[in-house]
Amino acid sequence: MTPFVAPSLPSFSEVSAVLCLLLIFLVPFAGAGLALINSGLGRSRSAAHAMMGALCVAAVSALVYVVIGFAWQGVAARPDHALTIAGKSWGWIATEPFFLRGLRLDLSPSALIILLQMFSVALAGMIPLSSGSDRWRLGAICASTALLAGCTYPLFAHWAWGGGWLAQLGLNSGLGRGFVDGGGSGTIQVVGGVTALAITWILGPRRGKFSAEGMPAALPGHNVVLVLLGCVFAGIGWIGLNSAGAMLFLSVEPGRVVLIAIDTTLCAASSGLAAAVVTRVRFGRPDASLTANGWIAGLVASSAAAAFLKPAAAVIVGGVAGILVVLVADFLEFQLAIDDPGGAVSVHAVCGVWGVLGVALLGDAGVSVAGQWLAQLVGIATLLGFIFPLTYGLNWLLDRVYRQRVRREGELQGMDLFELGAGAYPEFDIHGDDLLQR
Amino acid sequence: MTPFVAPSLPSFSEVSAVLCLLLIFLVPFAGAGLALINSGLGRSRSAAHAMMGALCVAAVSALVYVVIGFAWQGVAARPDHALTIAGKSWGWIATEPFFLRGLRLDLSPSALIILLQMFSVALAGMIPLSSGSDRWRLGAICASTALLAGCTYPLFAHWAWGGGWLAQLGLNSGLGRGFVDGGGSGTIQVVGGVTALAITWILGPRRGKFSAEGMPAALPGHNVVLVLLGCVFAGIGWIGLNSAGAMLFLSVEPGRVVLIAIDTTLCAASSGLAAAVVTRVRFGRPDASLTANGWIAGLVASSAAAAFLKPAAAVIVGGVAGILVVLVADFLEFQLAIDDPGGAVSVHAVCGVWGVLGVALLGDAGVSVAGQWLAQLVGIATLLGFIFPLTYGLNWLLDRVYRQRVRREGELQGMDLFELGAGAYPEFDIHGDDLLQR
Amino acid sequence: MTPFVAPSLPSFSEVSAVLCLLLIFLVPFAGAGLALINSGLGRSRSAAHAMMGALCVAAVSALVYVVIGFAWQGVAARPDHALTIAGKSWGWIATEPFFLRGLRLDLSPSALIILLQMFSVALAGMIPLSSGSDRWRLGAICASTALLAGCTYPLFAHWAWGGGWLAQLGLNSGLGRGFVDGGGSGTIQVVGGVTALAITWILGPRRGKFSAEGMPAALPGHNVVLVLLGCVFAGIGWIGLNSAGAMLFLSVEPGRVVLIAIDTTLCAASSGLAAAVVTRVRFGRPDASLTANGWIAGLVASSAAAAFLKPAAAVIVGGVAGILVVLVADFLEFQLAIDDPGGAVSVHAVCGVWGVLGVALLGDAGVSVAGQWLAQLVGIATLLGFIFPLTYGLNWLLDRVYRQRVRREGELQGMDLFELGAGAYPEFDIHGDDLLQR
């Protein structure tokens, strides 16, 4: 925990490696949680499509990441392509073999990183799904996920977690420990969140979302029980994610996992309650969907710093996230006319940025605070100033080649019937839109 | 395993601590299971409210427990407030710091206890939820949960698990090993179950539950698939709960976890089947909801003694629980006119008591059986004679300050629309009550 | 890993045993996944029955396996009943005590095998459930599961995993390492899959499935969201299953678990995508139910060889499974007029056979390939030539004693109302069949 450390891999005892491995196996529950939330917040006529999208994201991202993504992400303390600037070497892309050829897949930290990343790139890929609800074609979902898993994600992950230039800010420039992001508030959540923003802009709002005068209509989620169930699974998955990430990327000792689990839970709890209170105050009643979004926002914000927060600080990080997520969701919808059905931008991008800042603001990492602030800000600037344009550009190009938004009939008919040929609930009577409770 | 032991913390190797930590991470699945069962057994017009209640219980109990609950629960072999009676010192409340300040949150047994308890107090808090279905206000749920997590639960948990007077019955009075309750049949389930009883009494029955002549009407759960799915998750979570509890509070060696998992599964299996057979005999058809209740009752009954039961004894413990749960549910409804929609009193209070007795009756703990019987009975007497009045009194006082039952319109309209402003399934056509299959 | 090894138990360090134990606790999620898929692929009027069937399978199989199943399965390197043929001893049935009496239930490999098998026999039992959807009586489900857990399954499992004659093919006849099936592509999936085939034949097709001219009608699943959610849980459970199985039955070192997890995920991913592409090509649109079946087929195929496949080979195993599952499902329905609502025969039997072959075709086990081919083929021949007739015969006999198919009224009314007395969704409006989207 000394400052100005070189990026390195942890050296694990067998017990630590086994702990880390089993924590990684909790991560898919986070994916299950996000998939449920996406599907539940969308319309019933797109519910199967939403789950099918999640399964395709999981499948495509695992395949693409194994084939090329990891080759470009790599791990710390291994040779990479580096630029020499001001006499220092700055890594920008890894040079591992494609398709994991020749790599030892055992309990070594680098093999564990591959496994964790195979799951967490899927998590990042599920974030834009919820922004694209009810209008994003399945083929485009697969192609866009391939771009994320094969290019955007590994690039930033190399910089932050693979020993690249953001991680080197500590050693090279004396900025604290370099960019610190244990569980991926930036590397997973903001990367996914800015991709979600790009997707909402490229797709445009759902039909009927904004009136001719630009007033947004509420389109309630079709199954709030699934949404809230998803929160519980996400909480379990995030404990695994934050713990395994901190062990592998910050070399924290196994004992910290207890603190991480407590902090992660407290963050989610205070964020969910804060969102409930804020919606109660604003709308007269607590809003279940926004409370769920608050819960997830707390998890997102907890990721970067959970290993370094005192429990009381975790409550603060969560509380702020819960307030932020409601205010920003409103701002995006009313002021910027962005139609983000699942709130992915406010939950994952905005609260991810907040989580990254939390490391410097409230973290207890025992390093020069000013330097750490700067390292975190450089990371955020890179996410917003480089990764966002990159993912926007890639998805814009994809849209030229293969239109990402479904045709008009598809949207009127519902994604399930139009793209999959069958509804999610073929035996249930469903209201027409005019009867929707609003 | 010698008799007349002083309450103590286990001394864990690193491997044991890691095992225990990972077992604790299974516990939230028990919460997910109970939440699904609550929501599925309730009405569709309160389904989102039921899940929202569960999420709020999880959030409030984690926060309150961390802030004050643990301070009063504490762990064994640490200084506490004690009364000296007959020359012996009897601990009644712990004196740990609020907000976990200054505590080491690592792989030590006391830190693992904090983590386990943060999850299991939420489990206890979910029990009354199912008794209050369709009429308990969200604000009251949060306040009542705070009383449970901040007062009732930690008090009894100090006595049973924190080295307090019930645990000291072995050393101080020669009563076997003192009160034994590995996974919380008493400390979690009965505490939650008597709170559920208090809540049903304070709230009163649902409108339409009892006719003018006092005959109860069947109000079937709105989604039996979720109810039965919840059973599977609960089973997984309970394995973690029973194992981690036995390791931390009974100092069993890690190898016992295999026995505990087998016993827990056998208990649930035989209890579920017993409930199916009993309802088949009584009503001509096996009842799915009561079979689910039987499954959970088996888990509840398994908790106290799973570490000390031979597999055949586990089958007996479960079978009895499955019969009890059906008979008692009927008795409460028809004889006492208690409206407990999810059956929380029969499942958690009654079968929890049965589980506590099972330690003395069938357990294999190698101690003076008569003394152990007495210790278990003293524990049960305390739960029914002290904890029940306490939780009733606290909730009665709360009801004076903040009415716990929703207003009449709320109940007619459904909790979702009235309290949350939106239904759980806004796109689905729902029957009026008159068309309900009964 | 030398060839021609005698069947033996692994010798675990404490860390390995703890890892294996915790992996086993993931297996019930596979059961939850299959239960969700079964229920979602069936009709809404049988949805509670499907879940109730799954819970009963879990309960009955755990009880029966503990009481008699394990006694006949046993573990390697312990005395069993053996036949001496050509001067070699060939084990055919184990001789362990009933009800686990006197066995040490701790972290020893044999105790871990008992625990794993208690869960995986339930998995095998859930496979026929999906073939019998909408017409298989609950009592018959329980009885048939008892036959599986008490006879068919333990018999083959003794041969393959308990040191019996299939495992001895390596040492006795020089056939590679003997029959190799790490996670149960044959021992769990094919055994379940051929039982499913027997059940479909004994029950006959659902009313309305085939027209007078023999043309099958599509009867879409009632809840595709649950089906796809089930895939995620199955994926998590299968990682546990494949890893624990390989550790216990193939003595692989703990480090292989990382490879197994990557291979399992890649298999599911490529199989799911392959099924989506094949249905897209054949029907113009990707089919969500068949994609889910493809995902599960990939998991099924991964089980036998996951510990020995390079990642690229895992992608091939999965891709072939995904193509097979669609083509075979069509063939069974159109050519053989088999009504298998959940596709259990193509998913579990056919892709299970493919997984068993994969060991010889693509596995990297470092043994004489010709001998290994022969060992795998002998295993498959035994499954199809002995276990299938055995399970058919047992279920045919059962059908004489206790008719397995529900009466005509039951099928018209729906299994939920007829057998359980209440529907799964009593408050929702459900279409009549004539309005079903097809």
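Lettered A, B and C in written order, each chain numbered from 1.
We take it that a contact is a pair of C-beta atoms (placed from the backbone, for glycine too) under 8 Å apart; a residue touches a chain by one contact, two chains touch by 3 or more.
Everything numeric in this text was worked out from a predicted model, so none of it was measured.
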Worksheet, complete the sentence: To bring the C-alpha trace of chain A onto its twin chain C, one rotates it, in degrees rounded to the nearest 5, by 120
Fill in: Same or different residue numbers at the chain A/chain B copy interface, by half rule
different
Fill in: Inter-chain centre distance, chain A versus chain B - centres from mean C-alpha coordinates, in Å
34
Worksheet item: Considering chain A alone, which of its residues make contact with at least two other chains?
Response: 15, 18, 22, 223, 425, 428-429
Discussion item. Quick check: in the complex, which residue numbers of chain B touch chain A?
Written reply: 14-15, 18, 21-22, 24-25, 28-29, 31-32, 35-36, 39, 47-48, 51-52, 54-56, 58-60, 62-63, 66, 99-101, 105-108, 111-112, 114-115, 118-119, 138, 223, 226, 416-417, 419-429
Worksheet item: In their shared complex, at which residues does chain B touch chain C?
Response: 13, 15, 18-19, 22-23, 26, 43-44, 220-225, 228-229, 231-233, 235-236, 239-240, 253-259, 261-262, 265-266, 268-270, 272-273, 276, 283-289, 291-292, 295, 311-312, 315, 425, 428-431, 436-437
